[in-house]
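There are two complexes below, and they share chain A, which is joined by chain B in the first and by chain C in the second.
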Partner chain A sequence: MPRRSIHEVLILRVVSKGIFPFVLLFALYVQFHGDFGPGGGFQAGVIFAAGWVLYGLVFGLTELQKALPPRWVEIGTALGVLLYGGIGVWSMFAHGAFLDYNVLDHHSTVHGQHRGVFWVELGVGITVASVMIGIFYGFAGRRRVR
Partner chain B sequence: MSEHFPALQVLLPVLTAPLCLLLRHPTLVRVLSLAVTVGCLGISLALMEQAREVGTVVYEFGNWPRPLGIEYAVDTTNAFVLVIVSMIAAVVLPIGCRNSQVPEGREYLFYSAFLLCFGGLLGVAITGDVFNIFVFLEISSLATYILIAMGRDRRAIMAAYSYLIVGTIGATFLLIGIGLLYQMTGTLNIADLAVRLEDVKETRTVIVAFAFAMVGISIKLAVLPLHHWLPNAYTHAPPVVSAFLSATATKVAYYLMLRFIYTILGAGFVFDVLQFDVILTPLSLAAMFIGSLAAIYQTDFKRLLAYSSIAQIGYMTLGLSLNSELGAAAGIVHLFNHALMKGGLFLVAGCVLLRVGSTAIVDMRGLGSRMPLTASALVIAGLGMIGVPGTVGFVSKWALVSAALDQQAWQITVLILLSSLLALVYVWRLIEVMYLTEAPEGAERREAPPLYLIPTWILVLASVYFGFNTESTLGVARAAAHQLLGGAG
Partner chain C sequence: MVPIELVLFAFLIATAAIIAMVRDLLSAAMLFGIFSLLSAGMMLLMDAVDVSFTEAAVGAGISTVLILGALSLTDYAEKRSTQHRISGKLVVLATGGLLIYGTLDMPTYGDPAAPIHNHVAPEFVAGSRNKLEIPNIVTSVLASYRSFDTFGETTVVFTAALGAMLLLGGGLPRRAQSGTPDDAPDERGES
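This part shows the complex of A and B:
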């Protein structure tokens, strides 16, 4: 039997396509349930990126970059950090110290804390996922040097 | 507003970096980065004012009180370092990423990396939390590796890579040191560490922690046997990056050394119990001589400057190893003075590279007539390196010599003066090549553009101005040393 490339194996294609949405869904669960249970932005970001990396491994880098252009990944990297920092700056405008979540909600400091952690973790998640995918693009996109 | 200055000092560059990534437009990014560096300079000067008034300016993040939360603590010493870093950034950044490998349309990546490096260095200097120091050190180092790799030829990539390896080892050593201190005290806050270490100071863990931290910092500072990354990195990086790094990165590492020795562990423990000066003094003296001697034999202007940096770092650590208020003040004032001189000289190298196409000393023949303004800038800054009166170099040497004489360390005084003679040799070599040899046939007579000359001359003229007006530098350095050594703040 001639060796086939990974892109042609039917089982891999079907299974990975089936798993893909669930990986992303699990990442979102870890992200947003991280406030109450184990998890958080970093883990969620890695899981989210793992879904895309799986897609890239099975369908090839070109297909993956068609679905998720490198420029988007670059934007995501910056956006996450800005979201994190933006929350801090917001709390400064609300007459608190940088990243003082207590002032984010007028009525209760607990809600303020919750709100702060929620957005900050989302920022972490976006940046981590983007950087992970970016690293994959960086390595997978290298041509062989003779 | 002004109560947020400590946070804004670091936030401005660190948050503008991702913003550059989003904006991408070359002019827009450039203007924005320039505005940020100028803004940071203003903030650092304001912080200096505040610190001199109240002693220590404290900013608690998220309003969590220390030692629970992370705090920024600015006293005179780190305010001085903040001023140095942001001043140099504001002066050199207008040149931008010319003469580097940055492709057209990707300049925004240069500005992003520069702002991260800048913000990281400010962060190391400003924070009052040792783990935070490590994090910011990594931010600035990672950005530094990128910046160095942007140099004109492929050797820049190799230089960046070897700095990456060595720099990572250095950061790891520092982290191990911090980890051991944390294990012994259960705190990461600098002020809190100092208090809690009192009881456990003479344990082996703390001694080992000190050793790890000092080796890690010494790698970043390029103290003599650990300096091998420096010449290549400075030689092959783009001129603006060399100017910025030589004037700031090692200065911040020196600040860390001061902080660890004087604030965290205490001079009594470090110098009297551990006798750290027994190691540091010979290494500093060796750096002064080996660095200068190596500089004399270089054939490349930028590499000459890099070796001379190693010698100058020797002067700074020598001031520290004298273990006195005068010695520390001499080291601190030399941070500022050396930043002016060496930043200016590396920008001169940038002018030469732009017009001559190389920085080999042979190619600089007849530069005095080909590029008179550039050449005279080199001469003035070079006189500063020797320590001629009327330049900042003299102020540093004077402070260092009087600190040595104060302790009747005659041998050290003589060695300082002898090593200045070596500086005379390598500066004279440049002057001879530029003014006393004929320009090669067909060499172009064209001065560097104002964009290069203005920042160069700002630094050079400042190095003369602060040679006369010593109150704002030496005065502040003495106040900083006084506060650092436990005098009333």
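This part shows the complex of A and C:
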């Protein structure tokens, strides 16, 4: 039997195409439900990246980079850290200490805390997802060197 | 009935032993994934759901793919070493023995009088419910009480990725050079 490339296996293509949106949806659930259930930005970022890596494994790196250009991944890597630090600076502008979420809402410290945790976790999620996809790009984009 | 912890531990040790012995690196990579999944099960039994989640996603998921990606660039078989140094085994045994000796001083698992449960933890547990109103204490500690640490960790992840992307080229597309193995450094240095 001739050896087929992974990109030609029909079952893999169909199944992974079906799973892919749900993996991303689950990542979003883990991201935004992290206050109430297990998970948070880090786990969500990894699951999000895993969804794209699955897509890249089955459909090829070229297809993946068409959908998610490396430039975006690079930007996302920095964007998450900037978002996290930006929340800290925002709380300083609101006359609080760096990353003091209590001052982020004028009416209630609880809402301020929720707001801070939400954005900070989103920053972590964006950075982790971009980093994982970026490292995958790094490995998959190389050729074998002898 | 055998407790599930014992079964998981037995499988963990067996997997670790096989990883150490196996010469085929592809099998080793797969076994690493199984090892991570088993550790995730252990964490779950200890009620550390968040850690278990991370272990399953990172250890069994992403890192297996990354190891496979690295393997596709090298050989699948481990080089057989010609010399068996006794000193290496001694160092491993001594380190393992010291680690086990160190655990003898630790409080028993789940002991409410353990120092870790009596320092700042009660305040965090109470504050997470009353001041923050975030049911998942792990999230409130990570993102609010210890937000400086998490900021540092995010920066570490960012820095690590920066290094990896600079070394590996960040997966920038390079088509149209069919056949020629490019051992030249990356042309695009802007990443």
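Everything that follows uses one rule, which is that the second predicted complex is superposed on the first by the 146 of 146 C-alpha atoms of A that agree within 3 Å, B and C clash if a C-alpha of one lies under 4 Å from a C-alpha of the other, contacts with A are read in each partner's own complex, and residues count from 1 in each chain.
Keep in mind that, in the parts below, contacts are C-beta pairs under 8 Å (C-beta built on N, C-alpha and C of every residue); 3 or more make two chains touch, one makes a residue touch a chain.
All figures in this text were calculated on a predicted structure; none of them were measured in a lab.
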Chosen between chain B and chain C, the partner touching more chain A residues is C
Task: Identify the partner contact of A:G51: answer first if only chain B is touched, second if only chain C is, both if each is, neither if none is.
output: neither
Kindly classify A:L99 by the partners it touches after superposition: chain B alone (first), chain C alone (second), both, or neither? both
* Classify the contacts of A:L79 with the two partner chains as first (chain B alone), second (chain C alone), both, or neither. => first
TODO: Based on the superposed arrangement, let me know which partner A:G88 touches: chain B (first), chain C (second), both, or neither?
DONE: both
Chain A residues where the chain B and chain C footprints coincide 74, 77-78, 81, 85, 88, 98-99, 101
In the complex, chain A touches chain B at residues 74-75, 77-79, 81-82, 85, 88-89, 91-92, 96-102
Contacts from chain B onto chain A in the complex sit at residues 4, 7, 11, 14-15, 17-19, 21-22, 59-63
Given the complex, residues on chain C that touch chain A span 49-50, 52-54, 57-58, 61-62, 65-66, 69-70, 72-74, 131-136, 138-140, 142-144, 147-148, 150-151, 154-155, 157-158, 160-162, 164-165, 167-175, 181-183, 191
Given the complex, residues on chain A that touch chain C span 30, 34-43, 46-47, 49-50, 53, 57, 61-62, 65, 70, 73-74, 77-78, 80-81, 84-85, 88, 98-99, 101, 109-110, 113-114, 116-117, 120-121, 123-124, 127-128, 130-132, 134-146
